[in-house]
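First subunit A sits with subunit B, and in the next complex the same chain sits with subunit C.
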Partner chain A sequence: MQDILKAKHWIIISLLPALLLYTFIVIVPIFWSSYYGFFKWSGMNEPSFIGWANYLEVVNDPIFWRALKNNMIIVVASVFGQVPIALLLALLLRKTTLFQRFVRSAVFLPMVISTVVVGLIWGYIYNPEFGIVNALLEMLGLESWTRAWLSDPAVNMYAVSVPIIWNYIGPYLIIFIAAIQNIPTEIEDAAKMDGANGFRKLFYITLPMMWTTIKVAVVLCISGSLKAFDQVFVMTGGGPAQSTELLATYMYNNTFMTYRYGYGSAVSTMIIIVSLILILISQILMRRKEEKGMSI
Partner chain B sequence: MRKDVVYEANRSFNPVFKQKKSILKVMKTVFLITFSFCMIYPLYWLFISAFKSTDEFFQFPYALPSEWTFDNFVRAWNLADLGGAMINSTVVTVVGTIFTVFLGALTAYVLSRFSFKWKGFIMLFFLLGMLIPIHSTLVPLFSIMNEIGMLNTYWALILPYTAFELPIAIFLITAYMSSIPKEIEEAAVIDGAGYWGIFFRIMLPIAVPAMATVAILAFLRYWNEYIFALVFINDASLKTLPLSLSIFSDGYSTDYSLTMAAMAIAVIPTVIMYVFFQEQIMKGMVAGSVKG
Partner chain C sequence: MRNINLFLFLMVLISIWLTACNSDQTENTESTGESAEATVTIWHNFAGDDLRARTVRDLIDQFDEENPNISVEAEAIPVDGYRQRISTVAAAQELPDVFFTYAGSFTDQFYNGGLIQPITPLMEEHSDWADSFLPTGLEAYEYGDNGDTYSAPVGMSSTSYLFYNKQLFEANEVEVPETWDQFLDVIHTFNDQDITPIAMGNQAPWVAQSTTFGAIADRVTGTEWFMNAVEQDGASFTDPVFIEALGYFKQLVDADAYQEGANSIDNTQAEQYFAQGKAAMMINGSWTVSSLAASASEDVIENIGVTVVPRIEDGEGRANTITGGPGGGFVLNSEAEGNVKEAGLELIYALSNEEAQKAIAESDSMVMYDVDIEPENVSPLYYEAFNLARSVEFAPVYDLYLSAAAGEAINNGLQEIMLGGDLETVAEKVQQAQVQSLEEE
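This part shows the complex of A and B:
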């Protein structure tokens, strides 16, 4: 009895610090922001209750919907950029020679670089005066293609997606290499015996064997690209004329630039709802994969 | 069986087949080199530009510097108070990492070794945190910190960093501790060691590999973190590196090689870390992202 009490005591004492810190900083703000979303509040004065007005304003603001659409562009660009590139590279990088290990390290390198540096340096790469993108196009005789990549609303959302793709290929590459190495060699040998080579082996053996991992990667990619906004924030700040606004930059600009904390809280709540919906959708994808009885 | 072997042997002696294979191999190598170059180029450009004068940068933006000079580094260091920023980043990152590893290990010890009523719920509760987009907590955290006067202190960064990293830390260390047989502590229990004793003398040393992974991940994330620092820190003397870079680049926006030097200074520590702990960083980040 004494021992059980002692154990109980210990469990409570040792869980408490992590639990308190986590609850107050990660969980409480969610309820806090959905509550303050009902108030008009500049941060200085007393908040005054205004009902659903903030939430209605968010839903009726075309800029909010544009930001949501831009977020979706980033998600789609990440899924169709990062996953296929990582897959192709993983298929080419099956050995552990020095050269192949070097390529792997190079692809992973951007993961350790500050997102601020990524944003700034890609801003320079796109610079119309001295950026290498325009310089390369001129060299190739494609002067008509050169433009101010980050300020032309027709292309700037695609332009800001490239650094995000570049930034996060690494983890998917490592996941895919591990998946390829997990394919039993007997299966590969058997396929070879049956005369399957090159593309036939790829499409009938390797890719089907990796299918569950590819699905997991897509799910990770969706939730991961929802978080990526530092780079865009540094490159354009959501501009010009809010053409590259993301949900997070929209929230930032509406809260800390114009001192509308109530409205910002409502936007924060909307961000959580949107993310949860997307994660739910991707979890349903995940569930399907578990039914087949395989995991990575 | 016999036939296959002969068939294979014939094929590899076939000169046309061999030629086709070697062309493919060359194409593959060329592609891999080009791709690696594209991945490294931004960083390479950053470093070579940092060694140039601004005039030279505008004249030959892509060439190697005609004269390698450290001027930009010295000027950037002094103008932006990068030394101060580096101290701030180091304090926040080191304290945050220690908190994360310690709290993560302590919680993981309880979750992996004791069974109690609320265990399942607590695990789920921590997992929930990985679903919450960090930027959606900015406004409420700013208001709360404003209320209790925590803005513009190191704690304004250390506590949120730790809190948001805890789920991954707990998850990775719990998984590792669960894989260790329980017999290991039993001897200590018989010797009459208390729970703290078991935790410090047995569990912590055993869990070092998992804790190292968590520490590396936390270190990189805290060192590079930007948006919390941007919102919670206004005091110039408390700015972390990413924050002072973003402000610096606004103020000196046309002095590109100077800004590049400032960025190079900020990037060097993480790149050095990457060179030494490459495998661990790759594995840790993949584990962190798969679980997250």
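This part shows the complex of A and C:
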């Protein structure tokens, strides 16, 4: 008993440095930032207190809501792009032949490239003059489909989602492959003996056994997409005319381009609130599924 | 168990002691640095590999070598991130002793925040030098009731030259446009020949505003109206005359003057597009002269002519103008005192005196200083543009005078117009942003 108590002590003491670091680097700045949100501050003059004005302005700014909408497009594209594609690939690539290992590395490769490079590469791919997308469409005789992918507001949000999906399939693929390999072979063998093959095995054995992993992947995916910034910032900078503005680029442009540090801080705080709400919703949705799964 | 406890405790102690040691060491090195007479920190954005950047860095190194008792700690920050870096350290009260600034609202902020101090002692000491700046050269950096000077420009920003491809103009038998109607005719002619009339790379949205719209708007509204609108003194950006100016820009868009996707390629790509002969014209700033001089072949450069944006006959403004004025200069941190202040002033002088201005001018880059350059030392295109700039008058560059927020509003607004947006809405947004920034000052 005493040993357990002591062990607990040590756990607490050992966690303390990390916790302290986390508190000062993450938690405290969040509160500082929401505090700065109450000030009118250009970063150079003395800040002056203006109450809730910044927060009200954020809520009343149509661009903020457009940025939120665009962010939701990224979230949806990521959850319904990254996760299913990674799952499909994981199911196809579970063996370790040379070819499969090659495909796996190829899918993981974008993850290793700096996101800025990803943005630049895709900027060239979409380039209206010499981009490969338009060139391919022309080769296929689909000239009418060619367009300035990044500057046409009708399509540019979807265009910028593609590189983000492409960029982050790798880690989910690895997580899913690990999950599949964790399924005990006894269960698979038993299923085989019971005559479950192909899709039956997939839906009744493999997917249910991976469900917790998929849930984690979805949460990671949502929180990751809300932080989306780099690729879009490099490709379009939020433009043209703020049509690809995301919450993060909106915050950046307000803080560092127009020197409204107070307003930028208020936007940051709103981003945190929105993220918490979304994570909460996804948790509730997932929990329901879990209960259902258990009752069956 | 006890032993492990003791061991861990010691580990913690040792690591604390090690970190403490480290900080001691840094303090030591700092104090040895002070044993030289003065250490001056300088931040600038001459980080690139172009001639001008190398010239300025050489000037700094030369100053460092020639003054053994002054040690210069220079940091070069890429142009794109420079404003943000400087405003971030300004917010943290950690500005370097000397730093590079842009004329206009960027410097206004440092002055309003009390972060910089006058360099008037230099002006008094070297009055010949102070008198040799071109008109308006120093005025941009004068602040306060006494008209104290806070910086001396080391460059000239001239942002709206009309470059044209001589061969394409000859082959299609058109003259270089001098009036707006001729301009539109030329655009139609090139469009009929499937040649892009004007190359533009407006992904970073300042381009359309800085290179094209400023010049058009000045021709339509006149300079005085703009200055009044900036101060919100009897003029407003919702005035019909400003809508009219936006309308002229819209005429270019509607005439398909720009290549498709102009909003998704950057300025450098547009320069290359023009240099490759795919577009007949390009409206761009003096930086284009420098970058073409550095990257294009001689044949290409000889084929490029340079002139001013066509005049607008119904406008209130002057014809023959180029948007521009004094470029950036170095300023002195208000906290610099004693030796550091002396050394900082010397450094600022060394970077903007006659020799420095000549060196910068001969690195294919414009200066705001009365200096003669040798044609054989520079690229022919630069020589032509240099003489053109000295023969015309300057009109204000929009984003140098507008507040940062209003600058963003007009930049985004022009992109909106290129996407078919409504002129009145754009004007409204610019007006709103400018009013709000004036209130915040």
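Annotations for the structure displayed:
Keep this in mind: the second predicted complex is superposed on the first by the 256 of 296 C-alpha atoms of A that agree within 3 Å, B and C clash if a C-alpha of one lies under 4 Å from a C-alpha of the other, contacts with A are read in each partner's own complex, and residues count from 1 in each chain.
One rule holds for everything that comes next: a contact is a pair of C-beta atoms (placed from the backbone, for glycine too) under 8 Å apart; a residue touches a chain by one contact, two chains touch by 3 or more.
Treat the numbers as computed from the prediction; the structure is a model and nothing was measured.
Partners subunit B and subunit C clash in the overlay (superposition on subunit A). In the superposition on chain A, A:I121 makes contact with subunit B only, while subunit C stays out of contact range. Of the two partner chains, neither subunit B nor subunit C is touched by A:I165.
When the two complexes are overlaid, the chain among subunit B and subunit C that reaches more residues of subunit A is B.
Judged by the touch definition given at the top, the superposed model places A:G43 against both subunit B and subunit C. In the superposition on chain A, contact is made by A:A135 with subunit B only, not with subunit C.
In the superposed pair of complexes, A:F256 makes contact with subunit B and with subunit C alike.
Overlap of the subunit B and subunit C interfaces on subunit A: residues 6, 10, 43, 129, 256, 261.
Of all residues in subunit A, those touching subunit B in their complex are 6-8, 10-11, 14-15, 17-19, 21-22, 24-30, 32-33, 36, 43, 89, 92-93, 99-100, 102-118, 120-122, 124-125, 129-130, 132, 135, 166, 169-171, 174-175, 178, 193, 216, 220, 223-224, 226-227, 229-230, 233-234, 248, 251-252, 255-256, 261, 264-265, 268-269, 271-272, 275-276, 279, 296. Interface of subunit A with subunit C (complex): residues 3, 6, 10, 40, 42-45, 123, 126-129, 147-153, 236-237, 239-243, 253, 256-261. Looking at the complex, you find that subunit C touches subunit A at residues 1, 8, 83-84, 87-88, 90-91, 109-110, 112-113, 115, 202-205, 259-265, 269, 273, 278, 403-405, 407-408, 412-413, 415-416, 418-419, 421, 440.
By the touch criterion stated above, subunit B contacts subunit A in their complex at residues 4, 28-29, 31-32, 35-36, 38-43, 45-46, 57-58, 61-62, 103-104, 106-107, 109-110, 114, 116, 122, 125-126, 128-129, 131-144, 146, 159-160, 162-164, 166-167, 170, 195, 199, 220, 223-224, 226-227, 231, 241-243, 245-246, 249, 256, 259-260, 263, 266-267, 270-271, 273-274, 278, 281-283, 285-286, 289-290, 292.
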